[in-house]
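Here's the structure we're looking at; comments come further down.
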Amino acid sequence: MTNLIEYEDANEEVRAVYDDIRATRQTEYINNFWKALANHPPTLRRTWENLKEIMAGPGEIDPLTRELIYIAVSVTNGCDYCIASHSAAARNKGMTEQMFGELMAITGAANMTNRFANGYKIPVDEIFKQ
Amino acid sequence: MTNLIEYEDANEEVRAVYDDIRATRQTEYINNFWKALANHPPTLRRTWENLKEIMAGPGEIDPLTRELIYIAVSVTNGCDYCIASHSAAARNKGMTEQMFGELMAITGAANMTNRFANGYKIPVDEIFKQ
Amino acid sequence: MTNLIEYEDANEEVRAVYDDIRATRQTEYINNFWKALANHPPTLRRTWENLKEIMAGPGEIDPLTRELIYIAVSVTNGCDYCIASHSAAARNKGMTEQMFGELMAITGAANMTNRFANGYKIPVDEIFKQ
Amino acid sequence: MTNLIEYEDANEEVRAVYDDIRATRQTEYINNFWKALANHPPTLRRTWENLKEIMAGPGEIDPLTRELIYIAVSVTNGCDYCIASHSAAARNKGMTEQMFGELMAITGAANMTNRFANGYKIPVDEIFKQ
Amino acid sequence: MTNLIEYEDANEEVRAVYDDIRATRQTEYINNFWKALANHPPTLRRTWENLKEIMAGPGEIDPLTRELIYIAVSVTNGCDYCIASHSAAARNKGMTEQMFGELMAITGAANMTNRFANGYKIPVDEIFKQ
Amino acid sequence: MTNLIEYEDANEEVRAVYDDIRATRQTEYINNFWKALANHPPTLRRTWENLKEIMAGPGEIDPLTRELIYIAVSVTNGCDYCIASHSAAARNKGMTEQMFGELMAITGAANMTNRFANGYKIPVDEIFKQ
């Protein structure tokens, strides 16, 4: 199993990211994803900066919808960790069980129709080309 | 290329679906996806009934968000037809270019972090298990 | 675009494979897949030997069913060339349009339910563990 | 972990599906897949109706072959639950260990050649365009 | 088709990235990938900064090997644009046709064996757990 | 769980492969992958012959780089067994933790940019078409 880097064992670069995660999320808890990425500090730093901006920065898509999109991708790719962590995040932002059920229905249907489009080699309608 | 079934050449079962598509969407236009699926009428019928309910039926997730989720899956799978048709649908429901850019950023980031979770074999935190 | 190696321009190793393809399939036609793989003769040789044994050798799964399985994978992965070439092979072995429609229905449904299993994190039933 | 809805705790809509599963399959056992989907009754209902028709309804592809196709997709997507449940179903319908081995060989080979077609950017032969 | 943003039509943020791409790569040419991402300037900026560091920054993996890894992923996902652009980059860094052939062989084989591991549900050997 | 075939229980064809694995790798240990494939001897034989040639035969790509490519694909597909076994192989051939971190960064970035290329429908630059 991947070594999970605790704050006590982390170097300066990693601690700076952990500090920012704690300040941004207003919690002491650092989840395993970041402790695993800390094995390669540049990847930890880049990933946190990217996600912080993409998932929590200003934008036209509201924070809950961002989580739903994230889950849809993670479910499509079958990433257990990402489904678990972002489902928790989504619930914190207001996702109900009913919404999760609808999200699964849409995600499943898109995965099905994607294959119909592949198999039937369906040409894109002119009106969809912009 | 797949034969696209026009209304004139369609049997009763297919025509009934085409009629319902037109009535539901309030447009005469039947896009190629349905004309291709009409080669196997039961698949046409089932798919339309499913999508009508999932994408346009009552629910807690608003119609625009449903399209964003759909696009995220289609982009993850690389389905050109689905990206084109549902991007058009999303624009009709209010997706701006800014929102599309944010959608791509989230979708790309999720695909990236999904692989970090795989590669680092990150164990799911206890607090994420519910 | 990838250089397609014609018989005239091929080395001995490649010609030997082309000759065997022609003898096995009883046709002069070498399709582009093999002409592309001929850019790396060992890959051409290995792939032909593998596919010849897997798709045309003795076995309990009949040749048409083998093609249906092949198409299901190719549709899931969105490989246009493979869908086109193996749909042609399947039609030569008796696949009807009706069967293709059923194949798409099964392939699409499996891609949908695969995601439900992911998203709902469904534990495998004891009776399915053997 | 996802809550698994037992018959005793299910509402009318869910019970009707469970009853139909039992009648159709002639067994009292409801597997976890359905108990998980029951968290969102419309998804349970739609999925069961779809699968019942696709996997068990009339058609030109025999029931065992349908399961083999289903497994090929699930193996390609890496869905553990689906591989386990449909391998059990396939064995019930006559799949031997030898057939499973051949199925894996075909599924693996298709996943390999799909990538050769991608990487070599192989143009589709005119004779495969219909 | 996506609008490709030319330097003349770009805002300050986009121009700064284009300038850095030109300085870093020592060429005037900006390829379409960046012109498309420029529709959402934050995604352009983040992506360029990430890739510049990951693909061209200091590290223990040499630049050509980085491109081979990139191509392997793009071939697995079937991303035509990425295969084309990174194959060109790899050739510039010394990839021969022979190496490309070997790369395809490895990529194809990994995609095949990944499915054997899925299908046979192979338990990880204790010696591989570290 | 899949039955793992031990040497003592294997037939002649399987034993010949096991003997060759041991001789080639200069170790008595046969890992679970081969013991699982031994359930279908032809798949065991073909897969071993392919991998032996592709991963250990002569070629322009060095053995460690081959493993990095293999891992990149396995991480993209989310194959736990393959990630574990080939990470061990790569470490034996000299992969450092730093290199693994860089490998994850490249693999993650490629998976992200693949989706940007899909979503923005980016046309391939003329200079990338060879």
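Going in written order, the chains are labelled A, B, C, D, E and F, and every chain counts its residues from 1.
Here, a contact is a pair of C-beta atoms (placed from the backbone, for glycine too) under 8 Å apart; a residue touches a chain by one contact, two chains touch by 3 or more.
Computed from a prediction, not measured in an experiment: that's the story for all the values here.
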Required minimum of steps from chain C to chain F, each step between chains that touch: 1
Pair joined by more contacting C-beta pairs (E-F or B-E): E-F
Identity of the chain that, by mean CA position, is farthest from chain C: A
Chain whose average C-alpha position is farthest from chain D's own: E
Cα-centroid distance, chain A relative to chain D, in whole angstrom: 27
CA centroid of chain D to CA centroid of chain E, Å: 34
Contacts with two or more other chains, residues of chain E listed in rising order: 1, 39, 42-43, 46-47, 50, 54, 76-80, 84, 98, 100, 102-105, 107-109, 111-114, 116, 118, 120-121, 129-130
Chain contact topology (line, ring, star, complete or other): complete
Residues of chain C that touch chain E when the two form their complex: 39-40, 42-43, 46-47, 77-79
Interfacial residue positions of chain C with respect to chain F in the complex: 1, 42, 46, 50, 53-54, 129-130
Parts of chain F lying in touch with chain E, wherever the complex brings them together: 1-2, 29, 31-33, 36-37, 39, 43, 47, 50-51, 54-55, 59-61, 65-66, 68-70, 72-74, 76-77, 79-82, 84-85, 87-88, 91, 96, 98-99, 102-103, 105-107, 109-114, 116-118, 120-125, 127-130
In the complex with chain A, residue positions of chain F that touch it: 78, 97-98, 100-102, 104-105, 108
Interface residues, chain D side, partner chain E - complex: 71, 75-76, 78, 80, 83-84, 100, 103-104, 107-109, 111-116, 118-121
